[in-house]
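Labels for the chains are A, B, C and D, by order of writing; each one numbers its residues from 1.
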Amino acid sequence: MARESSPALEVEDLTVAYSEQPVLWDIDLVVPTGDTMAIVGPNGAGKSTLIKAAMGLIPAVAGEVRVFGRPFAKGRGEIAYVPQRASLEWDFPTDVLDVVTMGTYGSLGWFRRPGAGERDRARAALEEVAMGAFERRPIAQLSGGQQQRVLLARALVQQAPILMLDEPFQGVDAPTERAIVAVLDRLSDEGKTVVVVHHDLQTVPEYFDSVLLLNVRAIDAGPVAEVFTEENLRLTFGGRVGVLAQIAAAESGG
Amino acid sequence: MTMKTRVVSLFAIPLLLVACGGPLQDAAPADGPIRVVATTTIVGDLVRTVGGDSVDLTILMGAGVDPHLYKPSAGDVRTMATAQVVVYNGLHLEGKMTEVLEEMGGRGVEVVAVAEYLDPKALLPIEGFDELHDPHVWFDIELWQQAAACLRDELVRIDPDHADGYRARGDAFIAELAELDGWVEERIGSLPEARRVLVTAHDAFEYFGRAYGIEVRGLLGVSTAAEAGTADVQQLAAFIAERKLPAVFVESSVPPRYVEALTEAVAARGGEVTIGGSLYSDALGSPGGPAETYVGTVRTNVDTIVGALAE
Amino acid sequence: MTAELEILVIAMVTAVAAALPGAYLVLRRTAMVSDAISHAILPGIVVAFFLTEDLNSPLLLIAAAATGVLTVVLIEALIRSRLIPEDASIGIVFPALFSIGVILISRAASDVHLDTDSVLLGELAFAPFHRLTVVGVDLGPAALWSMGTILVLNVGLILLAWKELKLATVDSSLAALLGFQPVVVHYGLMTMVSVTAVGAFDAVGSILVVALMIAPPATAYLLAERLAPMVVVAAVVAAAGAALGWAFALALDVSIAGSIAAASGLLFVAAFLVAPRRGLLAQARRRQGQRLDFAVRMLVVHLFHHEGTPEASEECRVAGLHRHLGWSESWTRRVVGKAAELELVERNGEQVLPTADGRRLADDAVIGFGA
Amino acid sequence: MELFSDYTLRVVALGSGVLGAAAGALGSFAYLRRQSLVGDALSHAALPGIAVAFLLTGSKAPLTIMLGAALAGWLATLAVGLVVRRSRVPYDSALGMSLAVFFGIGLVLLTVIQKRPDAAQAGLESFLFGQAASLLREDVVAMSALGAACLLLLGLLWKEFKLLSFDSEFASSLGRSVGRLDGLFTLLLVIAVVIGLRTVGVVLMSAMVVAPAAAARQLTDRLAPMVALATAIGVFSGVTGAVLSSLIPRLPTGPTIVLVLSSVVAISLVFAPRRGLLWRWISLGRLAPSAALDPVLMHLYALAQQHPGEPDHGHGIAVLRTMSPAGVDLDQVLENLRSRGLVERVDEGLWAPTAIGRREAERHLASQNEAAS
């Protein structure tokens, strides 16, 4: 299986089990460099688990992750991670700029403090998500959409070639959604690789190049046009009422 | 509903068990020594001396056990349950246990609180609470003679078969105490009057001071919950510096920090005070040592005090 | 009945009485309230002593209970302000109250043997010697009557307000919407905790109460999945811990209260290790037993997955399997052997291929998880 | 300043101040990590360590006793960590349990020691605990060294500790060893608490860890000012308490410091700008009508509460319709709520309250509860 150049992210035979039931089953996934991929599936399909396991944040029973052809441990620095907004303690006493500056900590190493350069990078990232005016705002006073943009900015600051986002569109307002999409487009133009856990089927064709349909196992993965078929979605979502309506809407819309 | 029934029956069992309970105290054997339980080592020493072979003595709080901090073990329950006579200090020295001991008197156990036989007028009232008295009576040897006499009479009453022995041993002990009293007076009298000041961490020596003309100053009260203030340390340090006292004392059951803080404060005021040694306050010394008996403890304490203050 | 047996019964009754409200404390993440009360009741005792000048007055006990209620009310109010989290609310209230008590004693009664331990009986070993006597008839240990009453009250209250307590514990906002008064229920629960705690301090001592309020419910939390079984299991575990600790203490001649606290901890450790579903051992065994079984299934699914694909020759090659599955070579050999033994796979030259049974298993497995 | 010419006051004030600084700074992180009660727990959990140290050496040498205490305390925190990581028992229960069980084992050992005819055991259990008025010069030196070491480490690892407290998952995603950081922080806290127990006692130490951080949190929304304020409040309370206790006889130093701390907390709770109760009471009048008109928001909030851990779990309009009076135009209400950022559409036809919506709902419930009680 020779390849011309190493893809950004390769996940091989990844299996994760919390207690008795596997939540991810033998996942193989190749994300080519420069791809913008959505991970789509029903609740409990293991979407967030997949990117957390790929990031080494939860242990896998089996499997291997490679980043640009190198083992994950060596390629960890190439990935920026945006956790689910709700998993954080937003009552923490800090402000927007400070959270975004946390994105520079990885490159700083132990002991060194962020300086003016790091803060400038953080400000630039904030501008990019249209949050420049909020840099001194305590995070406890942000709306959900603003929180999401701050987390995205923190990942941008890492200037990593790969970004993994866990449900960035969950419960955000329309301006935020537009801002995030703009950023994703820009990243795509720059040749960055983006993997997004996504729940809104309607917007998949519009926002993403490729898609992974996931329901514990990988149902199918590849370019949206090829993979995002009614048959595949039915397989993924198990033919649930309501989802079918969405599929129909997606097909007529996309 | 089934859960409720189950829960209720679960709780009913122990209650039933108790309802069927009989008398608590086990029957005493007809002859042989009487079983006596004493609380502190100091009271225990009194019982051992006066009771001699006629009593089978168990002391609840062993050497070095502060009555304020005593923790009973499972075996102590048996000891208490089989006791025929309980001897304790009283005046609330034994804390909440006092209530239990008093109550045992109502159920056929002979209960002797040695300090409570003393004339209330001879006791030191606690400031602000006239009904309450300082329980640390034992270092006033005259009072302890009275306590010994009371215990002797009580034992004679409780166990008349061995009355002669109690009387003989009791009188001998009282005589020994009289001698000890004279010795203490003489030793303390050898100190210059200005030096007759005893500074310790907590107030266990008030009776001792009153009996032998020594001014007693403590940093902490009797309550284990009380705490000293900065002003208290300052005032006591100023007092020591002003009186040019050569020594202050620590107690075996109280961490020496308080007294160390005092010596530092005195030194900062240009005084020079050393820690004169460790005094036994609420419990006697280890068996085999010079302070294993009451008399030995008093002698050790007085030697320590006089030795340090005479310098 | 002997004094030792009476102690056992008192300990068991107290254990159950404390474990019942304790279950709700554990679920509400306010377990440390029990310890806070043991410190915070001091000023109430001191004030009552100033009023009565009697260390044995029952008023001191009543004042202690009232201060306990005040403590939980203050803690609850701080938590409800949502300005300070639970643990810090507890950590602010009890030092303040305790300090007031110490200042009062130090200023006015430092020569009185006055502290929480000397006012509340607080010693299980002495409980049989403090008896309730009515017109000369010995009715048994007073502690058994007081804790028995508290136990009956607690059982009664929990049965009466089961729904409300459950809602208020698990989900206070929903309770409010459904028209319950979670405030009333919370304060009711906390009053129950406070009265139980003070009664039990008097009967058996403070540290044992803290142990009995927390350890058995925490043990039950590992053994039971729903609230009702949890409360019942907590009560049973509490009584068992009391009996076990009592037996230890008798055998070793040590502190009964300390021994019961330690035994309650031991029962928790036992549950922590061997609880049927949540225990460490069950977790490990599941992992171990599952591992081979799981690995076999995984192998089969892997082979099934790649069968007939272009990369199959590589993915299904015996020599390369361990790399693809991220396993050690020896483990891979073991798994392949096991799978072959079960006739789920067969060797075909360099390759391992699923059998018909294997394909069926793989298909079932994958579809089973998806559903 | 003439006041401080007195040696005792100088030592006590300096010691309390330094301890206040160290505890205030460390306590800020403990507060944010919900570890406020570690001080109280350690003071109990240390007992078996004291007993074993005495049983092994037969001496009450402070260093031996403290080592035993610290070791037992450290074991207790390890046990708490293990239980919390490997079971579903919540942190506070694990903490309370290890406190009580360790203390129980200590009691058992004490009764073993008590039976030995050895007068050296006297006062063993109170031996660990000091009082602020009896602070010694050597304590101040030890505490200054500790305080300096704590502040230095906090300074050096500032961003790591911040990340650990705010978003430990992100810290691991950067490749930081969260376990090692957590262990280091807990070790710092244990050492500080044991030194605090030895010098000023349990209650003051417990309060010193919690109260400055709690007060400071009300006054600022940023971490560095919070830690600085907590440190300052710790110093201020320590010195003020010492001075008051030196001016008024029979006013115990430790409890006085605790009451000064408590007053600072009370004042900050009431008067803090934006967060404070007074502020809230004033602004409640403004907010009340808007919150009151949203039964739909409250219903969504209540439904969302049934899915703890999944705040974004959505619910359909059909469910809401059964909960609402007839004639309510739910679509319009939801659209209105959405425009105000209070609810969000999580899926087709599925709605959930946003974080702001949840906060509004909680605030509304709290005000209802206050009115009810």
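By our rule, contacts are C-beta pairs under 8 Å (C-beta built on N, C-alpha and C of every residue); 3 or more make two chains touch, one makes a residue touch a chain.
All values derive from a computational prediction rather than experimental measurement.
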Third chains touching both chain D and chain A: C
Inter-chain pair with the most contacting C-beta pairs: C-D
Interchain centroid distance [CA atoms averaged], chain B/chain C, Å: 41
Euclidean distance of C-alpha centroids - chain C vs chain D, Å: 21
Interface hub residues of chain B, defined as touching at least two other chains: 71-73, 224, 226-229
For chain D, residues contacting two or more additional chains: 107, 110-111, 115, 217, 250-252, 254-256
Contacting chain pairs - touch in the sense defined above: A-C, A-D, B-C, B-D, C-D
Of all residues in chain C, those that touch chain D in their complex: 25-26, 29-32, 34-36, 39, 78, 80-88, 90-92, 94-96, 98-100, 102-103, 106-107, 110, 171-174, 176-177, 181-184, 187, 207-208, 210-211, 213-215, 217-218, 221-222, 249, 252-255, 257-262, 264-265, 268, 272, 278, 280, 283
Interface residues, chain D side, partner chain A - complex: 32, 156-160, 162-163, 165-167, 169-170, 172-176, 217, 220-223, 226, 310-312, 338, 341, 344, 346-349, 352, 354-356
Chain C-facing residues of chain A, complex: 1, 12-13, 15, 17, 19-22, 25-26, 28, 60-64, 215-217, 235, 238
Of chain C, residues touching chain B in the complex: 1-7, 9, 12-13, 16, 42, 53-56, 101-102, 105-106, 108-123, 125-126, 128-131, 133, 138, 140-141, 144, 148, 151-152, 155, 159, 228, 232, 235-236, 239, 246, 249-250, 252-256, 258-259
Of all residues in chain D, those that touch chain C in their complex: 31, 34-37, 39-41, 44, 83, 86-101, 103-108, 110-112, 115, 203-204, 206-207, 209-211, 213-214, 217-218, 250-252, 254-256, 258-259, 261-262, 265, 269, 272, 275, 277, 298-299, 301-302, 305-306, 308, 361-362, 365-366, 368-369, 372-373
